[in-house]
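Note that subunit A is present in both complexes that follow, paired respectively with subunit B and with subunit C.
Moving on to the complex of A and B:
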């Protein structure tokens, strides 16, 4: 139950800037994800909050009090690490009780807290096991229990599920979210997995080369990525080079409209979500531009299909279509770019909506 | 089932061939050990038990009784234990901080310390002894430097037990630091960081996390150093007092100078038995490690 303020936080290793003037606030009981490719500085940022790295500049405050100068063992934070997190010579019970023991709590209290926390992560009865006798998923659940049992003001998680297999990862993710909601704990979760971030977070901070490029709700980040990097990194996206002249965009030999009064000119990039390329019948005469496309490859992904198509003069695009649509590899189909974002050299992207999407044909 | 399928007998043959090859590979070192170590050792042990001090045949413990009744022999044995104990203590006091420093420090200074720590490995024992005599001896470097600063009461450790301990500690540092550092490197950073995260200070981390996780390297360093020090010869011979003596010097003198091979043999068997207890500790430590590793795999 706490609020965390990060103010102009910077970390430099020699001449390399790992984190550059990060500023944001994590609200009480908020679940924040820091998302970015490896080497973007997200782990360094988290380790500064935990106290394992000293900050080169800036400040960190929990409920208004600076923690920047506190050593890691005095900070009201608790961290779940990526792997090798449990002490192998201690039982599950001792692992969880270790931090409580350091606080000189009475034995009965410790016992109750350990049992409650194991109950929370559905591992009751595992008290006497050693870490080597647990599966990877169970080990990470114990690590979570060990962090939560101390009732930290901020819970920090550094890619805690990334060494687990896909199915387990999704299960633990759901479990973590349930626990976080139940305890109303403020949490920061670092990951390079956008699906993990989108499904867990109240808000996502997307990081790239030490900078936070965008911080917003998952749906906003998905629908309105602020920068080209975010557009490319989050979700599937088609990026097309284009040339803006007045109120039109030239993409190869095709033309797309720009809203009146747009200030972009010259080199631009169009970002098109696969689900925003809408499949229409050959006799379609509605709004929008119709692009003829050749179907190169169809990948069945269960409840929908991912299709690679070639639009002559524009290039290869990926689209998502419903299973019910009857298309085969080699067919020629008609597509309408329903919604796209235009990124100029500077400033925010311009959003263009060409039609209210015929939902029966588009699958998200 | 009267006949085995041919494929099974084929794989059986292959299995057997592999086994024969394995035995052939093990045979030469095993034979050498049996012929050069086990047989002479058993012969010696048998001789010490089957002939008495007067040379008469028959089962008798008289040689051992004589050893433990002889005050010089006993005092040499006790002295050896004392030197081993103090030396081991000093070794761990010196090497633990060094190993922890080398495990956690980064940069150029750590690299230099690493080289310095390994340096004694490249200095032959006899050269070390004469270097120490020059450094620590009467009118040696240390005394001269101290006298410059007005310290005149220098009493040299040369020819005293402390000189043996200094020499043996110096010789044992590289190996001990290597073993301890290797053990410490097995402990991942996240294990230490997670302890700090839940509120442990440096001392608690050392006591509750690091120490329990390196008991095995500590036992290995302890047992191998014990064996090396207990049977040391060069350092105690050149730096130590004339009496009491460590077992290595004592045996050599009994055998070479006093020409009493029977007594030397008894001393050797006693030394051998003490060392084999510690050797067993070493073997058990290494074996348990292998079992654990196989479990983990």
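Moving on to the complex of A and C:
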């Protein structure tokens, strides 16, 4: 339970900059996710916090005290690794008790702590097993128990569930969140899986090629991605090339308005969430531009449908619509771009909200 | 009175029946393999059979397939020979010394080969093959020439040094591969919970490479114990190891039994060590670790 400050942390491997001047603060008992594609530097950042990589520059502080110069074994952090890293020659009990033994705790205390931690990860009774006798999910639970039994100030998790199957991954994710909430432990979770990040994190830091592109609450990142990279990386998104001229945007042969006083000009990119392309009836006369679209492909995804449509002169778009809407492949439908973000060459994107959800008009 | 239950078929019987059945199917299905097995057994066990028989023979004349008279007479004679009484304990101590020295020299080196990146690493690692790439005898003769100038011929240190050369390949390559096989993240996980680098090595790395290290030590000991060429060239006339003594017993003795008995005795250490190795490989975490 502690606060972590990262100050302009940099890591260079030769001429390659893996992490570039990362600065952020993880609050006490906050669950922070670092999200990014592989090779973006997220694991390097975590390994610097754990002490497995030395920092080229910058500082790390836990509760105001610098840990940058401390070796890994002196840092008050504990890590759960991506690979299964239980020691194969030790039982589950010995694996968890190893760190406690180093702290010269009385035997009875160690025993109690090991049992409590196993109980926490729902593996009571597995003390005498060897790692090879456990499934992958069980091994990662023991690894989690081994980390939290030491009551670290910061819990570090490096894609701990990425080698597990999808169902198990979701279950362990929920379990981890429950444990983190219960212990109020400060945690940093590195992942390339946006769904994992969105469901676990209090805040997400999106990383790309060594830089933190955006750090915010999951809903904010989803609704207002700061950069084009974040817009593309998080959630499903339609990106359209457009040309800004004064207060209007030209997309192919279509025109969309820009708010007054917008300073973008020339080449821009419009980011449109699939759910922000609203299906309206053919007789719709409300606000917003109506785009006629041909339905190419319908994919049933259970509680909703993902539909690929072709808007002449604009291109292929994906939209999400309710199962109740009666459309078939080959139909022509009417869509209204209800909300979109416009990314110019520089600066923050411009948010355009055309209509307060024309649900009453939408085809049911 | 208790009634006697009809006897259940003896467990042994069904076992033999089962064996016989599987044996016939084996012959039918796998005739070629079986013939190969028999030939191999003859080739491998034949000479052993002859040596063991000679060791316990008191008299064995030509046409007879087995000795005419068995007895332990020659055992008494063999073990009252001063040279053997001297050479046997000396050989064991020598082999242990060479193995220990080799471990002290080679194990840190193999750790460095496995874990550090330095210039010429690959070339150095390959250079240990060199001692095995050329005819041993030539190598030993040229070393002996140098040793002669250094007054090392006929001395124990001289023999130790030349036998050490022999052990390098095994004691570097096997442990290097073993250290490379230890996943770094297992060591990082131990550092992470607070273990010092030395403790990580002793409690995490070492136990995981132990089976390979034990195998390397074992092979080194056995190889050194049976090493004769180097000891012969550098050691004689003053330093006589068991294999060297056996050479002379076989070459210059009219009594065949001396050589036979000494070879049977020389089997013992390697046999014992092999049994130990088997126990080591079978017991505990290792099998669990490999999910056997």
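We take it that the second predicted complex is superposed on the first by the 357 of 364 C-alpha atoms of A that agree within 3 Å, B and C clash if a C-alpha of one lies under 4 Å from a C-alpha of the other, contacts with A are read in each partner's own complex, and residues count from 1 in each chain.
Following the convention adopted for this analysis, contacts are C-beta pairs under 8 Å (C-beta built on N, C-alpha and C of every residue); 3 or more make two chains touch, one makes a residue touch a chain.
If you're wondering where the values come from, they're calculated on a predicted model, not measured in any experiment.
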Room on subunit A for both subunit B and subunit C (clash or fit): clash
Contacts of A:72 with subunit B and subunit C, given as first, second, both or neither: both
Which superposed partner A:130 touches (first subunit B, second subunit C, both, neither): second
A:87 touches, of subunit B and subunit C: first, second, both or neither? both
Touched partner set for A:284, first subunit B, second subunit C, both or neither: neither
Which of subunit B and subunit C A:24 touches, first, second, both or neither: neither
Subunit B/subunit C common contact set on subunit A: 50-52, 71-74, 77-79, 81, 83, 85, 87-89, 98-99, 102-103, 132, 143, 146-147, 150
Subunit C contact footprint on subunit A (complex, rising order): 50-52, 71-74, 77-79, 81, 83, 85, 87-90, 98-99, 102-103, 130-133, 143, 146-147, 150
Contact set on subunit C toward subunit A in their complex: 183, 185-186, 188-197, 199, 203-204, 207-208, 285-286, 288-291
Residues of subunit A that touch subunit B when the two form their complex: 50-52, 71-74, 77-79, 81-85, 87-89, 98-99, 102-103, 132, 143, 146-147, 150
Sites on subunit B touched by subunit A in the complex: 188, 190-191, 193-201, 204, 208-209, 212-213, 295-296
